């Protein structure tokens, strides 16, 4: 048992830090720190910077253009990026489709699609959820009927994050209509520029517009755009759920949010003293820090394979990490007191009260991040997974 | 002991509920609450025509109410409809003006909007951090300082400003046109403003205003509690209905026991919030006012947040969308706690009394 | 809307207070305040004192020897008794069986049993729970087979509070073995001195011995000891659940516990200052007081019929009151710090550290009162009841 | 980074687990933990024979361990078995004696029990409230004061007493027979004592003992965290098993989703408690020791209590009975927080560092 990083890992951390210092544009870091949305061009800019160094696809093997990092190195990379307020790598191509293609794709699919993810030719979005199938993916209704060399796809996807930028979508669709619902699902790669694809933005309660509905009407998808066998889509979806463990907790972002909160509590005043000088607030911050410190170790234990390989492990991490992030966001919102009220973007922000600009969006971030415990498998679904692991079938 | 509302208040609630259902359906609210001037001036006039402000003022001052339960009745209706009209600032201004000789007719009929400019960026509710200074100039006064987050300040023609002269906290009237005003919309709808005073001419209204300002603050806090109770009622109604109708895994999600039990906990929190608001309403105007209002605001702040968070969570993705009403109710329920002292501030006040008193 | 007590109610409160001042023995009040168990003789002593004044059966109508109080008067009485640290009236005869007999008993049953409850001739216990039927009363298995003029009862009851003192038990027993399980239950009055009745004490985690198992082997119960019709027992049990609303929250006891806690926090020191002078602890106490103040009103609203007549009303009250009481007990335990450790009754209490004697049992009371959310219909069962009321059958 | 226990520690854990399963089954624990001398002297001897105390001390001082992970290994085993043997007081005494020249053999082999007498009734963990005074008399020292809640004080032959001489906090050795001792059993099993010192003869061990006492306190707090993790493991195992087998309403109660979700939350708390305890064990002996131990004790205190309360609740009536093991695990988990600084005390220490450091 030894929690220290090896000399090699320490050197790696220094290398990442130096890279970020030299290559992360201030302009981007400032926006990220303030919780502002990045434009498509800004996200692409950051992807290109990482790709130039060979660090974009942290989880891919060297063979396909990944850096071949260990779990701990990936964790260090993620943590350093978040601390430096680097933009989050858009996960749909790099962290989700990439590993699926590597595991299930044909040689031709890998050769065609993987480089395009790295060099930014394709922007991917994820077509899983449907209006009637949020947490219950088995009941999805988008249908793909095979005709000659293509599938004809009809249906509706929703909660499709960043679909407004995407030219490609990987989607779960129903290809068999009898038998067990899980056994009739396939995994398709859909060209968003095809006729019959229509997207409509969904505005969220914080005023943001990152998610979308996608309507699919008689969309033709070539059969070679199916990944894995027909009706094997459920297996792929489950693989993905268990695969992406490094980042499931988003630890780097939780750590960065905590550091921002601590700074904010040193700055916001109540009854003439900084919040952090009030024993009650300071103790609340300390309680969060204890959970955070524990979660770092829990995360690393899981990454090191101490905690078993069941789906219960990432599920527990996701629950605790999302709740912790939400608690941090909530404290940041509270720290602002009445100054949390202004709607970001409305009114002359720079003239408003005594709020540091990087905290001006605290309330909006708090509301937006209520999604963390809902999207990507709600915490209720995660609890069901863990419970079944603990109790077995009853 | 009697928990039956008086006939007058029952009628008032009915009238307001009917008007708001008619004039302020959710789509209308959505259209006006987030766009300058962050409310609906026509509806404002109509509400004042119905006597919504007169209900907040006693007969002696030209109204027909003014007791704690009148305030609670009005704001519970506003909360149910999630109405962003600036009734809270009017209430607080009226409480501050009541002890003065000033005629209130133009305020009560809605034609002159007045807002109270109290705090200056410190998150606490003590008046000790108020630094705006009043100085005599010529025959009158000028004020200098900066007032943060003035509810209703975006539409007020007149600002009632708390400022220090010598060692005393006084209340001054400033014409809104004379101050630099930064108006903005709020994340949960409705508007507010910040003002900058730089030797701005002012009229002295109350020389020692500490008690009056405390009363205005507490009446406002009571109003927020009642508004929260109304919004909680609707949020829980909507969530219950969603659990009954939304299906996943082949059954209504309300049949899942984990959600059932959480819903029940919300209902209990709501009943507790309603009860403590009743206690605060009953205490308004008695010696127990400060303590009762702080108890209410402290309890309601926490309950409102928990109900809001759970209502979103139980609605799933739908709860995150701008189009669905529930997210807006949730925002209001969370942000209410940021107004006029959050749960922490009021708990601190209660806690200090254990040792002090 | 008017929360003030009427002049009449205020006068009543003064009368109760004067009565307690004059008639509640100090000796008893001190034991109650310290959370010590009372002997059978002490409980009987207090019943006799109340009965002499006609105040023992607060909820009974005048006709049967009750005082004919309104709900508010009963609440006032209960609150004053608790504040004065009067012993709790043993509820099984007075608050549970009494109302059942009044509603369902024959004239002969009422004339025989009701006076004996008041004058202390009978000590009743409640035979509902069974080892296999804790929360799930419908599945109870104690069987009563009718033979000539009596039932032959066989089975086992458990969690039978104070059965060690009882000479009589009212019990739910199964009298029909087919059909819906709820429809085969009857309500019997069982003489505990009958042959075949055996009791065994159950020690609880705090070291206390107030609950028992009761074994029934070929116990003969005369048919005239059945209350209501045969197989009507479920109706009676449900009636009782909805009936005893005044006391469901045990508000008086919660209030008394809170007052003790406040005093204790003024006395126990941490880092050289009383706990109540620490902002964090004081705020925690204040938060409890807010809930308590609200619960008083919630309770009174329910008593006044504002809150509907469904079973959801007492269920919500029971949940909140038990949880609040448990929070108070937990804070009292915490307030003692390391001094909470000694096992009551072990070692020379009067020589131990700086703990006020009335608080010495704080940890034991905390552990004992974990039962509050379990017994008498667990809080999980109560939540099921409320949920069904809110959501209907789904 | 490596989370694999060393082979030595794995063997130590196995040995202890096997010994305790054999010699300390629950019924035996029940028989000895609540009756004077509140432990089993024969088992104590056997445990020391196995080297349980030597594992807590480095080779240089005659042991074979002494690092944070050694302490964690030993106490996790003790926690799993709910073992009331006075290992905690021995650990703390050994940490205090380690910097002295004193030979430790008689302590390590269990023949001489030593306990540390630190606090005096104030619930905090600062040493500022220690008032026991040491004075020179003849060639030696005498102590006067009252020490509260001395773990292991009921069986110790020697007491290590923190007392002030001039302005310095020193550590003194007192023969237990020379002090007035009030021994008692604890509500969660095991024994302790209070002592009264009235000019009691004493030997000076360490003149300025503040740092050593802090280390002993922190090593003890780490031990309690590890003990809690072991007890949590068992409590959650028992609860899971109960949910799987207990039937109500015609099905296992573990099939009720509300209970399932609560069980999952407990499992997460347990993982967090385990992690923070690992962090504290790793930090022992480094400059981060105080902070890491306070973090661990603060988190574990809350998690242990929630697991205890929920374990009882989910066991229903059975959880309230003396005969069932779960209630005793629950008591230990709750009462652990009362030892060597509760969650509040340690949070306060962390909070103070935000401003101070």
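Some notes on this structure:
We just call them A, B, C and D in the order they show up, numbering each chain from 1.
The rule is simple: a residue touches a chain if its C-beta (ideal position, glycine included) is under 8 Å from a C-beta of that chain, and two chains touch if they have at least 3 such contacts.
Just so it is clear, the structure is predicted and the values come from calculations on it, not from any experiment.
Of all chains, the one whose Cα centroid sits at the greatest distance from that of chain B is D.
Across A-C and A-B, it is A-B that has more C-beta pairs touching.
Between chain A and chain C the centroid-to-centroid distance comes to 52 Å (mean Cα coordinates, whole Å).
Here the spacing of chain C and chain D, counted between their Cα centres, is 37 Å.
The multi-chain contact residues of chain B, meaning those touching 2 or more other chains, are 256-258, 260-261, 344, 348. Shared interface positions of chain A, defined as residues touching 2 or more other chains, are 279-280, 283, 380, 383. The touching residues of chain C, counted against chain A in their complex, run 278-280, 283. Within the complex, the chain B residues that touch chain A are 34, 119, 121-124, 126, 128-129, 148-149, 182-188, 192, 194, 247-250, 256, 258-259, 305, 309, 312-313, 316-317, 319-323, 327-328, 330-331, 334-335, 337-339, 342, 344-345, 348. By the touch criterion stated above, chain B contacts chain D in their complex at residues 256-258, 260-261. On the chain C side of its complex with chain D, the touching residues are 129, 132-136, 138-139, 158-159, 202-207, 211, 268-272, 275, 280-281, 330, 333-344, 346-348, 351-354, 363-364, 366-367, 370-371, 373-375, 378-380, 383.
If you check the complex, the residues on chain A that touch chain D are 1-6, 9, 72, 262, 266, 276-277, 279, 282-283, 285-287, 289-291, 293-298, 300-301, 304, 306-307, 316, 319-320, 380, 383-384, 386-387, 390-392, 394.
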